[in-house]
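So, here come the structures, one by one.
First chain A sits with chain B, and in the next complex the same chain sits with chain C.
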Partner chain A sequence: MSGRRGGPEEFVEAENAEAIILRIEQKSRKIETLLRQSRPVEALKTALEGSAPKTMDERCKSANWIVVHRAIMAIKDVDGMLFSLDPEYYDILMKYLYRGLSTGDRPTCDQCLQIHEKLTQRAGLGCILRCLADTENTV
Partner chain B sequence: MAAVAVHKFAQCLTCHAWSPDYSMIALCPSNEEVHIYRLSEGNWDRIHVLQKHDQIVSAIDWSSKSNRIVSVSHDRNSYVWNHEAAEWVPTLVILRLNRAALCVQWSPIENKFAVGSGAKTVCICYYEQENNWWVSKLIRKRHNSSVTSVAWHPNNILLATTSTDGKCRVFSTFIKGVDTRNSGASSSSDSKFGEQIIQLDLSYSWAFGIRWSPSGNTLAYVGHNSMMYFVDDVGPSPLAQSVAFRDLPLRDVLFVSEKMVIGVGFDCIPMVFAADESRLWSFVRFLGQRKATLSSARQGSQISEAFGKLYGQSKHSIANDGIEPSRPRGGIHENCINCIMPLKNRGDSKVTRFSTSGLDGKVVIWDLEGEEDLSEYM
Partner chain C sequence: MANTQRLYLTCIRNTLDAAMCLQNFPCQEVERHNKPEVELKTSPELLLNPVLICRNEAEKCLIETSINSLRISLKVKQADELENILTKKFLRFLSMRAEAFQVLRRKPVQGYDISFLITNYHCEEMQKHKLIDFIVQFMEDIDKEISELKLSVNTRGRLVATEFLKQFI
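Right after this comes the complex of A and B.
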């Protein structure tokens, strides 16, 4: 927890940034394969897994967001996705939905809002609160 | 129905406490007064108004053996009220705080009381016979933010606190001349006053409402991120569990037994948490509402050892994978519940009845008798 509560202007480079980026690149390739096989839920799970929220390195966070964004945008059947997504992914998915909403990009926001509605029905307001209250494990 | 009595005392209540025989209730109607009501022939009569504080009274505790009331207030002071000749006589306790006092609790043998404050400080107050005076001893420089709740361990020495810095801490409050070394606490009584036994870094947002289990083996407290934290074996190697739930955050907790905890808060309805045989805690159901299925709600939390690596390890206790019924609104409480108190007869180890009060000005008495599905945890 070295870069705890660093301001947004503060640039923190993770010591293992290269390793993280490398892992994200591998993840990205795996996701592309899964998407080609029409397994969007598997792709989303892969994207959310090991998303290293504790690092303060914005470069790593952005790299992972690109991967998660790719997986989120590939979701067509939101109900089906949430049905097969394990509850342990709910909190981290919610965080990425808020990141998506903060981009202001129209198609991204449309998709994130749609998932947000369904996810809130399923995971409750507690999930939103955990996302908003957590200032340390940000995505 | 689990709620056996409901009475609206005021527009809003900050806290309440019961007399030793539960015939009277002391409460603060969100102002600088403490009102005492007595139940006679089914009506609550206001029999005393304790006026001494200058600002809102934030907490009250009524000692069960010595029949004394302690009140703390945002005016940074505390009063101990003694019942003498049908009147309540106040004694000022100078806490030496520069911020509001927020919470108070009598120690189990009632020779001390603890006050948590917005001054990042905990006061341990005790009576000095020779000076006829309550002395306040401070635990300073331990908390990084306001102390929101205090809880006494049954051994009368250990005190647990929660704070808006998200941490839960346990201190020794041994005071020479007040406590004796062999008061049942083996290793913990060797510690000096104010020594920190443990610091738990489980929550990353404000922590509220802390209580020990009746045996003092388990701690429970809540975070403002819709999480409840359970800590077994408080000491050098604690076992911590984080339970996430799907609803709004809690404000206060109460151990009903070693295996069952009631949480109250912003969802206006008490929530039941219980531990299974392997001491895994999970959300069971709301009170005053039948549990739909027994099996689906039993996705437990995960035990994680010691500190440091606890972040992100909590599993979800999200009940019912199917369609969730809308949250029970329009229930008995109509606003946030901020206080829960046990109602138990002396000698009884388990609590079957308890009372809650909240921002809607109501006090509700709940009875767990007849809740068959919960009896296994009692």
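Right after this comes the complex of A and C.
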């Protein structure tokens, strides 16, 4: 369990972690279905939605990252994907791209670098700065 | 291959463009002191998230920003033992002359080959986009330099060996 720092919030956090992980597993199944139907853009949208809840639990973050990673690697047409993605998802996508770039795994890094360039052209430098400055909601 | 390098450098350039937002900030703990906060890391509210950009398993770039300073650490690709030695010697040569470069750090950060430290004073004296151009140009040139050095070592070795062994013919 995540560290006990006392107070009622910790218990809520622990329960929430299990619930969040269940939700992530459901999301993962939905994404697999969407990918089998060759709809990678919807898969990415599903993966990014609901990944913003404030959770400090490393397991939740890792589980979320695995799901988003699967969706990102399935994207072939980057321009088309960014065209149809809502602007509200740009910031969270940028955070996941930086997480992907820190893994050091060659295919992940290649894909993330490609998307990063196009996303910066579309969303601007503010997107990168918000990603750097947000120390509370990290992925 | 050239394409991944271009993408890698573009990514670093964009990140630096966004991260190089430095302003003067006197030390909070000690009166009349002005220290680069990224080096000390005493106050978490003054630091931004560090960002690690990897091109592959061997090459990576760590960018850490704070309110008044920015630290960039590079790990250069080293394919074999010879390149390892050449890189270490060459970058040590540069680091010892860090005064001349102004933005170079005397010792690289643990786990990396070379580090730059850019403070708000550098941004005031020099132009921001030129600083970024310098860093990116440095990254491009370092690969070429190391290859050239390797080539010249191999050539010289071959010449010396040929001359030496001639006396035994």
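Criterion: the second predicted complex is superposed on the first by the 122 of 139 C-alpha atoms of A that agree within 3 Å, B and C clash if a C-alpha of one lies under 4 Å from a C-alpha of the other, contacts with A are read in each partner's own complex, and residues count from 1 in each chain.
Criterion: contacts are C-beta pairs under 8 Å (C-beta built on N, C-alpha and C of every residue); 3 or more make two chains touch, one makes a residue touch a chain.
This is a predicted model, so every value here is computed, not measured.
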{"item": "Overlay on chain A: chain C relative to chain B, clash or fit", "value": "fit"}
{"item": "First (chain B), second (chain C), both or neither touched by A:L129", "value": "both"}
{"item": "Partner chain(s) touched by A:C109 [first = chain B, second = chain C, both, neither]", "value": "second"}
{"item": "Chain B versus chain C as contact partner of A:N16, first or second or both or neither", "value": "neither"}
{"item": "First, second, both or neither for A:T138, with chain B first and chain C second", "value": "second"}
{"item": "First, second, both or neither for A:L101, with chain B first and chain C second", "value": "second"}
{"item": "After fitting on chain A: smallest Cα gap, chain B-chain C, Å", "value": "6"}
{"item": "Shared chain A contacts, counted only where both chain B and chain C touch the same residue", "value": "125-126, 129, 133-135"}
{"item": "Chain A to chain C touching residues, read off their complex", "value": "98, 101-106, 109-110, 113-114, 116-117, 120, 125-126, 128-129, 131-135, 138"}
{"item": "Chain A partner contacts - residues on chain C that touch it in the complex", "value": "4, 7-8, 10-11, 14-15, 17-19, 21, 44, 47-49, 51-57, 60, 65"}
{"item": "Contacting residues of chain B [partner chain A, same complex]", "value": "204-205, 223-227, 244-249, 299, 311-312, 315-316, 318, 321, 324"}
{"item": "Residues of chain A defined as touching chain B within the complex", "value": "53-54, 87-88, 90-91, 121-127, 129-130, 133-137"}
